[in-house]
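The structures considered in this document are given below.
Next come two complexes built around chain A: one with chain B, the other with chain C.
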Partner chain A sequence: MAHPLHDAVRGSLDNCVKCTICETYCPVSAATPLFPGPKYVGPQAERFRGEGPSPDDSLTWCSSCGICTHVCPQGVKIAEINSIAKAEMAAERGIPLRDRLIARPTLAGRLGAPVAPLANRLARNRLVRAAVERAVGVHRRAALPTWAGRTFQSRTRLRRQPPGRPGERPAVVYFHGCAANYYETHTAEMAVRVLEMQGLDVIVPRQGCCGLPLQSNGLYPAARHYVRRLAGSLAPYARAGHDIVSTSTSCGLMLKREAREILDMEDDDDLRAVSGRMYDICEYLALMHERGELRTDLLTPLDMEVPYHAPCQLRGHGVGTPAMDLMRLIPGLRPRQVDAVCCGVAGTYGLKREKYDVAMAVGEPVFGQVRESGAELSVCDSETCRWHIAEATGVPSVHPVAMLHRSYGLG
Partner chain B sequence: MGCDVLVIGGGATGLGVVRDAAMRGWSAVLVERVDLGQGTTGRFHGLLHSGGRYVVSDPRSATECAEENAILRRIAADAVEDTGGLFVTTPADDPAYADRFLAGCAEHGVAAEEVPVAEALRREPRLNPAISRAFEVADASIDSWTLLWGNARSAREHGARILPYHWVTGVLRDGDRVAGVTAQDNRGHREVRIEAGFTINAAGVWAGQLADMAGCPGVTVVPGKGIMIAMNHRLVGTVINRCELPGDGDILVPIHTVCVIGTTDVKAPTPDDLSIARDQVQEMLDAGEVLVPGFRESRALHAWSGSRPLFTDERADGAQDTRHMSRGLALVDHLERDGVEGFLTITGGKLTTYRLMAETVVDAMGEQLGDPRPCRTAAEPLPGSEDGRPYWLGSRLRRQEEVMPDDQLICECELMQRSRLEAAAASRPGLNLDDVRRVLRLGMGPCQGGFCTYRAAGVLHAIGDADGPRADELLLQFLHHRWLGIEPILAGRGMRQACIDDWIFQGALDVEHLPVTPPA
Partner chain C sequence: MTRVAVIGAGLAGLVCALRLAQGGADVTVFSRGTGGLHLTPGMIDVLGYAPERVEAPGETLAGWVAARPEHPYAQLAGAPLEEALDWFRGVAAPLRYGGDLAANMLLPTAAGVARPTAMAPAGMAAGDLRGGRRVVAVGLRALKDFFPAYLADNLRRAALPGGAAVEARHAVATWSPRPGADVQGHYFARALDEPGARAGLAAELRAIVEPGETVLMPAVLGMRASAEAWEDLCERAGAPIAEVPTLPPCIPGMRLNLLLTRALGEAGGRMVVGPEAVGVDGSGGRIDAVRIRDAARVRAVPADHVVLATGGFESGGVELDSYGAVREPALGLPVAGPPGGGRGLGPRHLDEHPLMAAGVRVDDRLRPVDASGAPVWGNLRAAGSIIAGAVPWREKSGEGIAIAAGHRAACTILEDT
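Let's look at the complex of A and B:
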C-alpha cells in the first residue's frame, strides 16, 4: 500500500500536536464511548500500525464523515488515515456480505427498479426488514430509499448529446449518481429543469456508480474500477469544455477530490480532467448568480421557514453553504441552518445493524431542531442524509433545488 | 547483609549475571546506583544484532552476536520484535564491500541472503531507490527495559535480591580477597554494608572505577559515546544497515512506534557525560537522508546519548580510536591479573551478548570457587516470554482496545493506562516519573510528556503515593529530563509541539512558580 500519496497521508501524522480539537468536533465520539475519537484512531493509533491488519477494531466506528480533517489546524489527514486503515483491515479480514451489498447501490437499484412497487412494499414490511436485519445486518429501522419505477437514465434518452457539439445554448453535463437514478428520480428531473431555466442545455451521458460506497466500505480495488469507468465516460465532455454538475454531494466530492486522494488515483488523466470541471449543483448555481447569470427575476415568493442541514461532505467541497445563499434569493423563504455537524448516517454507516443506534445518537441534535421547527419539510443536499433525517423525524426532506424548482413555479 | 554473590551494576549484564547465579543456586544480591537500566542499557540503539555488522571488522563479535541472537529470540521473545534486517549498498558506500560482507557472513556463521533491489524496495518503499544491492539478515529490535524486567523477575523468583538506588562507595577488602561493598542507599538515606563471598563487577562503562575501588588499577574502560535520534514514527519497518565497515549513522532501527538513527562514536571525557553535540545531530540527520530520502523533513522526537564500555587493559594495549576498538566481551580475572581473590570484572560486549557475558563470568566464578555448576540461561525463557511469541508493534494498541473505555488513558501517545500506573506505584512506592517512563513508556510519544506528565503526577498524588510538594517535584524533574533530549533537535514540527507543551506548563499551570526548587 505504500506510495507517495499514502506517505503524504501517513506522514501527515507528524503534524499532530495533540491539541485535541479534532476530538471535540467528532460527532461519533461525542455520541458513543465506544469510539475513542479521531486523534486516537488517527495520528496516534497509526504509529502502532505496521504490516498486517490494524489491531484496533474500534476504528470501524469512524463514520468517515471527514469533519476531523477539516477542523485540524495542523493539516493532519485524519479521516484519510482512518479510511486507509479501515480498508487494510477489511482487505485482511474479509468484508461482510452486507457491506458488499450496500456498497453497490447500482446492484440493489437494478434489482429493485423493475419490480419497484413490490420491492418498496417489501422494504417497508416489518417482518421482511427483521429478516433482512438478521440475514445481512441492515438495521430494521434504517432509512431505505424508495425505488422509482423507471430509472432516470431510461426516462432521459432525449438529453443524450455527444460532447463538444452543443446546440445554440451553452451546455452542462449532469452527473446524477445512483440515488437520483434509481430512487430520487424527481430530484434529477427538478435539477434538469432548474438548469434549463437558466438557459442551459443539459446533457445526461450514460454513467455508472462513482464507487464511493465501495471505498467507504473498504473495497478499494473495486472502487477504483468504478471510478475509472465513470471518469472514462465523463472525461470526453470535460475535455470538450463542458462543466459537470451533480446533485449528490458525496459522489460529486468523490470525483472532485476523494478518489484522487484516498484511492490514490492522482495519475488518472480522465479523472483529472473530470475533477477540474466538477461542481456541486448549488455551488454552480451560486457561481452563476455571482456572475449575474442566475434568473432571479423569475423566482416567485415562498412564504415559509425551512430548516437546512449542511451535510458533512459539503465541507469537503470547501465552498461554504451555497444552498443557503440560493434559498435566501427566494422571496419570503426563511432558511434556517441547523446548528449541528452531522446527521449520523454518513453514507451507508447508519444502515448497519451495529451502527444504527450510534448514528441515531449522532443525529439527534439535527432531528431535534427539525422537529422543533414545525416546518413542513427540511432541506439537505445529500440524499442519504435526507432519507435518514426524514425517517428519524417524520418530516420530508428535499434537495435545495426543490425549493428553486417550486419558486420557479415548475410544479 | 550477606550473600554468596554480589553483583555491581543494574544494566543488562548485571541483571544477566544475578539471574544466572541465582539459577545456579547461589544466593545473590545486585546493587545499582540509580534505577535499573539507567546506564548504557537504557540508552542504546535498540538493535538485536544478527552479527552482520561485525563480519569483516570483528569476526569474533559477529559469531557471538549470531548465536546470542538466536537464543534471545527464544528466551526473551517478549522483548524482541522480529523486524528482520537489511544491509544495503547505497551510492555513498564502497560497492566492493558487499562481496567481502557476504564472504564474512558465510565464514562466521551469520545468515545472510541477497535479495533483489526491487524486492527490498517493495518491502521498504521509503528506502533510497538508488541502492545497488541488498542483503537480508536476522536483525531484530529489542526493548532493553522489557529484557531487564524479565531478568529481574526471574532472578527474584530464584531468590535473588535486587537493590536499585544503592550506590557503591567502597569495596571491602579482606587481605587478598574482596569481601563485599559499602553502598549509599539513596532512598533510605543511609549507608549499607553488604558482605559477599564473591563480587562481580558489571558496572559497564564505570567498571574501571569499581576496579580502582577494589584496588585493581589500570582497568581502562573508554567511554565511546554515541548519540541517537528517534523519529516520530516508523519510516521503515525493517532494520536498515549500510553495507560498509561500521561507521557513523549507518543503522536505522524501527522499535516500538519510532525509528532510531544512530549512532556516533567519540571518546567521552567521563562515563557520565551525556551531552549532545549539535554538529552530531546534523550528522545523524544527514546520515538518515542517505538511507531514506526526505528523512530530514520528518519529525524528530528525541535525542539521547550513551557510552559504550570499550575495554582496554592498560597493561596490554594503549588508548585508540574508539570506533575501532573491539566490541567483544572482556572478562578480567583479578586473581590472575592482580592477585585479588573473589572479584571478577565483566565489561565490553553488546546488549546482544549480555547473556553470554553473564554465563562467561559466572562460569569463571564457579571455577575459582572450585564449584562449577551448569548454566541454564540459554534454555529457560524469561517470565513473560514462555510462549515464545515475539512482541509486535500493535500489541499495546490491542491491549488498550480491550480495556477501553473503562481505563483512563494517562499517556495517550504510548497508550499507558491509569491502572498500570497505579499498579506500578503499588509495587514500587516512591517511584519517580522517569522510573514510570522506563517501565511503561510514559511521555515517550509525540507530545514528549506534554499531556501526560501532569496527569501522571496528579494520579500519584490522588492515590497517596506522593504528597503535594513531592508531586510538584516529580513533575518538574520529569519535564527537565525530557527537555534535555528535545532541546538539541528543536525545529519544525517538534518546535510546534514544544511550544504547545510550553504553553500548557508555563501558561496554564505556571510550573515555574511551583513552591519547589527546579532541578539544576
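Let's look at the complex of A and C:
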C-alpha cells in the first residue's frame, strides 16, 4: 500500500522542530482536553502511522480549521497531514451516513429548494430537529441555513455567457459556491452588484460543488470527482483570461490550494488554470483599490461600529484581512476585528452531535465579543461561520460585501 | 502615505513595524508563520558576556564595539540603542519592564543559571539574584520540563558577584487547570488570567513558603493579564513570587508578542501571516514591490520601503547548503559568510562556530550592502539577527540588537519620507 501522505505534504514533516507554536494557537485543544493538539496528532503521531490501524483516535477531534499550518514558522503542513490521516482513519472505520449527507450540500440544497417554506419550517421545528439528531446525528441546536425559494443559478441564467466573448467592459467570473446558490442568494446578488459597480461585467457559469465538505469528511475519491468537474467548467474562463471571484472563503481556498495539496491534484491542468485566476472577492476588490480602480467616490457614509471576524479559511489564503481594508474605506464605518482565532464550526464540524459542545466552547470568545459590541450586526467572510455566529449570538451576521452594497446605496 | 513592507514578525520586525505605524507610515508585516517571540524568555538581553559576564552593559559596550567594527552594535551602540530601549519601555509598560543599561540583573533560568540581562518584566525581575537571596523553587506537578529540585540545586552553586549566595529549597504544587492530564504552560497561563483560578494555587503557595523566602515559579502566571495575575498571586500567597522562564513555547515571549501585535493593529498596521516573501521587483537601485507567495500565486505588493527582519539560521533568514554555501533565501542578498572563510563550524556542539555570525552586512542606515560597501537597494533595510557579525546566544545580545535595529530602521525610513 502506498503511504497516504503524498510527497508535497510528507516533505514538510521533517521541518518540525517541536516548538509547539501550533498548539498555543489551536482553538480546539484550548477548549477541550479531548484534543491533545496539532503537534501530537500531526508531525509526532504521523511517524507511527503506516499500514494497520491508526495509533491514536484523538485525531477525530481536530476540526481542520487550519490555524496550525498558518502559524507554523517552519512551513510544516500540519493541518494537511492531519486531514489526510483523518480521512485514512475514517476509511478504516467506515464513514457514517450523517457525514456522507452533510458532505453533500448540493443534495440538501436541491431537495429543499423546491419546497423551501416547508423545509425551513421543518428545520426550525424542535421535534423534527430532535428526531434528526437521534436518527442522523446532526445536533439539534446546530445552525442550519435557510433555503431560498429559487436558486441563484435559476435567477441569473442571463449571465451564463461563453468565455472570452469580447465586450465593452472587462468581465469577471463569479464563483458562488453551494451556500450562495441554495441559501444565501442575497449575498450572491450583492456581490454581483458590487462588482458591477466597479465597471465589470459579471459572468455566472453553471457550476457545482467544490468538494470541500467531502474532503473534510474523509470522502476523497468523491471530492476529487467534484473538484475535476467544477475545475472543468471554470477552466475555459480562466484560460480565456477571466479572473474568477468568490464569496466563499473556504470553497475559494479549496480551488486555490487545498485540493491540490490535500487531495494530491497538483497535476490537474484545469485546476491549475483555475487556481491561478481564483480570488476571494475582498482580496479582489482590495487589489482593485491598490490599482486605483475601486469606486471609493460613490461610497456613502455608514455611521456604525461593526465587529468583524476573520474566518480560519480566509487566513489560509495568505492575503491578510482585505475586508478590514475595504470597510475602512467606508466613511463613518468603524470595523473592529474580533480578537479570537476561530468561531468553532469549521464547516461541518459544529453540526455533529458529538462535536457541537466543543464547537460552541471554541467559539465562545468570538460570541462574547460580538454580543458585548452591542452592534446590530457582525461581519464575517465565511458562510457557515456567519450562520454559527448568528445562531450563537442572536446578532445577524453578513458578508463584508453587504457593507459595501449598503454604502453604495444599492439597497 | 509611505507604504512599508516588513518581512518577518519576530522582535525586530514587530518593533520596526510598530514604530513606523506610530510615525504615520502604512505598514504591512509579512511573515511565514508566527514570529519567534513565542520561543524566547521575554528578557531583553543587551550584552551579557564579552566574553566574561558583563555587569554594566552600557559602559562595556563602548569599548567592546571599538574592537569589533563588523558587529551590528558598531552601528547601534550609544544613542540609537538608548533611544530604542526608552521607546520599548514605554510601549511595553503593561508588562512592566524594568532595568536599564547601567547594570545587568542576574535572573535565574530553569536550569538554575544566573543569567545576565538588562531588562525584564517586574514578575521576573523579582528573582534578581545579585546580593544573594533565599528562595523556594516551586514546580507544578502537571507541567512537564520544569524541575524545581534541579533548579534549586544549581542555584545553590551559582557564582554571584561579591561572593553572594543563594539559599534554595524546592517544593511541588499540585493545582492544575486540567486535573488528571499533562498540561502545557499556555493552559496554566490562560487559566490564571482568571482571579478565581488563582485562589487555589495561592493557597498551596501560602502553605509552602517560609518567611523571608522568594517563591520561584515557572513563568506561566497569566497570559493576557499577567502583571495583574502576578501581583494578585503575590498578595494572596503573602510572599514575593518571581517567574522563571520555561522551555518553549515560552509564556513571557508570547505575552510580548500579544502586546506588540495588538499595539500594531491599534496603530493601523497590518499583519499578513502565512505567505512567504520570495523576492523583490525594482529598478534604478530602488525596490518597487515585494514578491509574496500566497495560497494561489506570487503577487507583487507595492512598497516604498522594505525592511528585512527574517532572522538568522534558526528562522530560515540565512541558509547553508550541503556544499557549504551560505545564502539569504528571501531576497537573494549578498551574505557575509563566516569570518576567516572555511565552513566556520567548530568540532563540537558547544564550541565557537564562526558561521553563526553569517548574515547581511549593513551601512550606518541599516541598508544591506554588497562586497564594495554600497547599498544593494536604496530603500531596503535589515533589522535583527539577519544582520551579520553577532553571535547572540553567546554574547546574550539578541534582543538589544533586535530592538535597536528595528527602531533605528523605522526612524531612518521616517526621516527619508
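Heads up, the rule we're going with is that the second predicted complex is superposed on the first by the 402 of 411 C-alpha atoms of A that agree within 3 Å, B and C clash if a C-alpha of one lies under 4 Å from a C-alpha of the other, contacts with A are read in each partner's own complex, and residues count from 1 in each chain.
Going forward, contacts are C-beta pairs under 8 Å (C-beta built on N, C-alpha and C of every residue); 3 or more make two chains touch, one makes a residue touch a chain.
Note that the structure is a prediction, hence the values are computed from the model and not measured.
For A:G411, decide between first (touching chain B), second (touching chain C), both and neither.
It touches nothing on chain B or chain C.
Taking the superposition as given, does A:Q74 touch the first partner, chain B, the second, chain C, both, or neither?
both
Looking at the overlay, what does A:Q337 touch: chain B (first), chain C (second), both, or neither?
Once the two structures are laid over each other on A, A:Q337 reaches chain C alone.
Check the residue A:G52 against both partner chains and state whether it touches chain B (first), chain C (second), both, or neither.
After superposing on A, A:G52 lies in contact with chain B but is clear of chain C.
Would you check which partner chain A:Y40 touches, where first means chain B only, second means chain C only, and both and neither mean what they say?
In the superposition, A:Y40 contacts chain B only.
Look at A:D7 in the shared chain and tell me whether it touches chain B only, chain C only, both, or neither; answer first, second, both or neither.
first
Classify the contacts of A:P117 with the two partner chains as first (chain B alone), second (chain C alone), both, or neither.
Neither partner.
Check whether A:C19 is in contact with chain B, with chain C, with both or with neither, and answer first, second, both or neither.
The answer is both, since A:C19 touches chain B and chain C.
Let me test your reading of the model: by the given contact rule, A:G320 touches which partner, first (chain B), second (chain C), both or neither?
A:G320 contacts chain C only, not chain B.
Can you list the residues of chain A that touch chain B in one structure and chain C in the other?
Shared contact residues on chain A: 19, 33, 74.
Which bits of chain C are touching chain A when the two form their complex?
Checking each residue of chain C against chain A gives 28, 31-36, 38-39, 178, 181, 184, 186-187, 190, 248-249, 254, 262, 265, 270-276, 292-297, 302, 315-316.
Considering only the defined contacts, which chain A positions touch chain C in the complex?
19-21, 23-25, 30, 33, 37, 70-75, 253, 256-257, 275-276, 278, 290, 315-321, 325, 337, 339
Per the contact definition, I'd like the list of chain B residues that touch chain A in the complex.
125-126, 232-234, 237, 257-258, 298-299, 392-398, 400-401, 404-405, 412-413, 415, 445-447, 450-451, 493, 496-497, 500
Would you pull the chain A residues touching chain B in the complex into a rising list?
Residues 2-3, 7, 10-11, 13-19, 33-34, 36, 39-40, 43-52, 54-58, 74.
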